[in-house]
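Each chain carries a letter (A, B, C and D) given by its place in the written order, and its residues are counted from 1.
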Amino acid sequence: MEINGVEIDDTFAEAFPIKIGRVLITAISERWALEAAREATGFGTSVIMCPAEAGIECIVPSTETPDGRPGVYIQICNMSWKSLETSLLARIGQCVLTAPTTAVFNGLPEAEKQFDTGKKLGYFGDGYQCEIKYCNRNFCKIPIMEGDFLVEETIGAVDGIAGGNFYILGQNQPAALMAAEAAVDAISKLRGTITPFPGGVVASGSKVGSRYKFLKASTNVAFCPSLKEQGVCALPENVTAGYEIVINGISREAIEEAMRVGIRAACTVPGVLRISAGNFGGKLGPHQFHLHRILD
Amino acid sequence: MEINGVEIDDTFAEAFPIKIGRVLITAISERWALEAAREATGFGTSVIMCPAEAGIECIVPSTETPDGRPGVYIQICNMSWKSLETSLLARIGQCVLTAPTTAVFNGLPEAEKQFDTGKKLGYFGDGYQCEIKYCNRNFCKIPIMEGDFLVEETIGAVDGIAGGNFYILGQNQPAALMAAEAAVDAISKLRGTITPFPGGVVASGSKVGSRYKFLKASTNVAFCPSLKEQGVCALPENVTAGYEIVINGISREAIEEAMRVGIRAACTVPGVLRISAGNFGGKLGPHQFHLHRILD
Amino acid sequence: MEINGVEIDDTFAEAFPIKIGRVLITAISERWALEAAREATGFGTSVIMCPAEAGIECIVPSTETPDGRPGVYIQICNMSWKSLETSLLARIGQCVLTAPTTAVFNGLPEAEKQFDTGKKLGYFGDGYQCEIKYCNRNFCKIPIMEGDFLVEETIGAVDGIAGGNFYILGQNQPAALMAAEAAVDAISKLRGTITPFPGGVVASGSKVGSRYKFLKASTNVAFCPSLKEQGVCALPENVTAGYEIVINGISREAIEEAMRVGIRAACTVPGVLRISAGNFGGKLGPHQFHLHRILD
Amino acid sequence: MEINGVEIDDTFAEAFPIKIGRVLITAISERWALEAAREATGFGTSVIMCPAEAGIECIVPSTETPDGRPGVYIQICNMSWKSLETSLLARIGQCVLTAPTTAVFNGLPEAEKQFDTGKKLGYFGDGYQCEIKYCNRNFCKIPIMEGDFLVEETIGAVDGIAGGNFYILGQNQPAALMAAEAAVDAISKLRGTITPFPGGVVASGSKVGSRYKFLKASTNVAFCPSLKEQGVCALPENVTAGYEIVINGISREAIEEAMRVGIRAACTVPGVLRISAGNFGGKLGPHQFHLHRILD
């Protein structure tokens, strides 16, 4: 299979189940909604050593937010409901409550699972917090230095999927990287998915396990161009650099759409030679996303 | 004391000791150095509930970095050397090693305290990592999908100060916020300090303690404009919003300079009425920064 | 009429007919599409002394562009077909043909009026240009240093409207400015309109005519807060700053939608006191946009 | 000569004399200073068909501007004093006077040549403008909707140089483009120079003259990779894309420094193969910048 002359490997991405909380942050301007969202989703690339996986899903125009202000959806992902609850409390409390002019809306009001994060954040009000109706929803109002912080009492979460992915293999670093940027640009317009790594891109895709007992993941040697001489890298001669796009999402369909849109965008960039994906014999997880089926 | 008609309270900022690690990230372009830096310093506003306090110190022109590429200094701050070591390992490993095209240099090579963070990150190479000389320093080279990741073997750290601060009190939210933005713009050009909150600004300055036993910090009621009727807010009638700029730095002098430069910038914005600072009877820490002395 | 406590004046915006050419620029990434668009639409605020009015209409996701790359719609506006043709040739030739990785698509392929701008730009190829089919349209291919530049042979244009507007009057500069930013954020998500002034905002709204014969427009004294003592400014005491949002669009409906969406967004910002609009007894033009009717 | 394995051609850039006006724009925040600067310098790549060449020189920290606010230096360049005066009046009047919160300072107060641009802009005040002392300089104060616009009465200009340049030749478009971005990042930190093309980069470097009488410049066929088969392109097989960085500056030394810093930055990017420069047998102009001498 080829797109614009780029070979698409007949392989699949292996992914795993994760719990995803979703939050809508609004602010006085798009710029300030983004500042809060970036802080709240930082240090959130992989649950291997980050306290959560997190990312910005998309910008929401003021015409589509409950309070008529510019907004941003973010997702926060953890392996258990318990750790997700901790993440939501800490990240919203430390990074959105503290951010200028923000309000926090439940990003999954229909979900079965609901955390009373907003209610708990209320204690920061030191007794001066109160319940109010806001945009026809139940909110907590907390007096703060800039005025009042409004946060919906509950934040919803769902069983989602983490680790959806594809690899972009290129003639050199800049070609693969610009293709990764084009892919992330495209995915950032969709709803339901995040690309949690820096700028949406992974420079150091990993495999499950390592030769060291204390390390659960290590560099994906089969895709490391500088290991060709050692005979552990199977990449062809003309591939000298690759990037991985990792995608988390609230549904299988959302991840498939993101992979489709991202791969197509990557294949418009000169110097991109091949698209592949990462799978680990089921050691990572039960979900499979076959490139050829998605792109058909 | 007045600057441009803005009253400067005769008060002081109270601050506390913290351990600060400093890292220079370089990348193929300023944009990608910043992406890595943002991810590595996210979820890093306050040690109350974040795993570290962290922020971008400043952009470094390619003419001033060891490898001649655009760079960014970041700081990562923890209460103990042990937790700082954990933070450095996790944040560099998960957010910079994974970021496209980055290299990592020790940001405090002269400091007495040095962590072997780079060496430890090497294990990600699964046996293919190696020591090299790079820019006349000792580096670890780790094969990854984009090529080779270069990280200096040691990262230095010093006893620094956290919680340097000033308050910007305004006629309304936008006035105080734009002044905060001007202050952060100014501080971002200096070396040695970070403003770890979202966009550099705190909307919800806190006091030490609360009426709830489980909560170590709560809203600073004396500066909450919406609590005027309750009699706990001492702000004058015309102040309806305030922001706090929190500053961490590697030395007392760096924080003083940042406060001076930040306050002066804030006082150029229309609608700013008063500058104050937060102190808590010594409950927060031993360091004091008196506004009038700094601005003299 | 009030929105969020902000008074909406019972007045109207006066606007005038203009010719609008519309271009879709695509590029390797959204960032580079925007760089080209910004250069091509710069020095384009008002036909009073600029060679055209011009602006970025909106970002177009790669899933919606003919070549599958990120895109940006721009509009270029002139008083006559002749001057518009000159503008299109010069702005696309000097600012898009020269910009990295761009391609140029006709933004109004259905319009009756079509300029052969792309064909004329072909001469830059010095004989090596050629006609090709691209995305099922007629293009000119021009060999350049980065490879080949692709530009659609014709660029469409329509009779549009310039000078749609509203005023945001605030307690101080930052409040009115942040409201203007929120309005521009909102309008930038719509199709069919541009806000041609710097960052979408006018700080110095003008009236038609002046006391000097050589000057066709001058400061709108009735809305200049610093002229209250002179008795020429009719603004109430509490208004100390105002901004104008000027909107050009390819149809009356597009401008009405932009005014509606922009005013609503502006009214979410604290410190905004009043919304008004500019009209000049018909001296500017025949089109009228009544605020109350639009907002009903 | 080689830098990081990149071959530096033994050639020179040919450049020509130009008149340069320099302006310091300050604003409430760096963001708004940049918005004004971008609008004022847009549609300003080449005097061939733009009304001026123009660009952002550098950001100026608030600690270094006369009014203590964030600032940006811009340069505006024309072939004659007369056309430069027209450009200054139109670009400052239409793009900075109209931009939110800006003030305008003379960027070359020591220059012999001074235009009374600020004074002339005063007429926009329709009789309400006045002279004032501001930051110890002579300013014109013009009442506008946001308050008062302050512009220094005179704007200085010097005999400068346009067309300083170098070429970045790469294995593919993304490699050459990322190198161009790194070069522009580096040059943007220097004082005295601008890179007037979109994002600082030229995709379609030109030669003097063409086979068409009406066209003074046309594609630089010797450097067009897609013309290798026609025998007019002399580039080696492995070069498939090139970009030109064009530099204007207020002195020969400023341009040399920008070329040196820019070339060095470009040579850090993988996939860059060669650096060259454009010269045209003296048809473009009398100034020569020899790469090997500059880089020694």
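Going forward, contacts are C-beta pairs under 8 Å (C-beta built on N, C-alpha and C of every residue); 3 or more make two chains touch, one makes a residue touch a chain.
What you see is a predicted model, and the numbers here were worked out from it, not measured in a lab.
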Task: Work out which chains are contact partners of both subunit A and subunit D.
output: B, C
Selected interface, B-D versus B-C, where C-beta contact pairs are more numerous: B-D
- request: Just give me the whole-number Å value for how far the CA centre of subunit C lies from that of subunit D.
  value: 25
Message: Report the inter-centroid distance (CA atoms only) between subunit B and subunit D in whole Å.
response: 34
- line: Whole-Å distance, C-alpha centre of subunit B to that of subunit C, is 39
- request: Scan subunit B for residues touching two or more other chains and write them down.
  value: 28, 31, 147, 173-174, 177-178, 240-241, 269-270
Query: What kind of graph do the touching chains make: line, ring, star, complete, other?
result: complete
Query: subunit C touches which residues of subunit A in the complex?
result: 28-31, 61-63, 67-70, 147, 178, 181-182, 185-186, 189, 261, 264-265, 268-270
Field: subunit D contact footprint on subunit A (complex, rising order)
entry: 31, 170-175, 177-179, 240-241, 269-271
Subunit C-touching residues of subunit D, taken from the complex the two chains share: 28, 32, 35-36, 38-46, 48-51, 54, 89-91, 93-102, 123-128, 142-149, 167, 173-174, 176-177, 180, 197-199, 201-206, 210-212, 214-215, 217-221, 223-227, 230, 232, 240-244
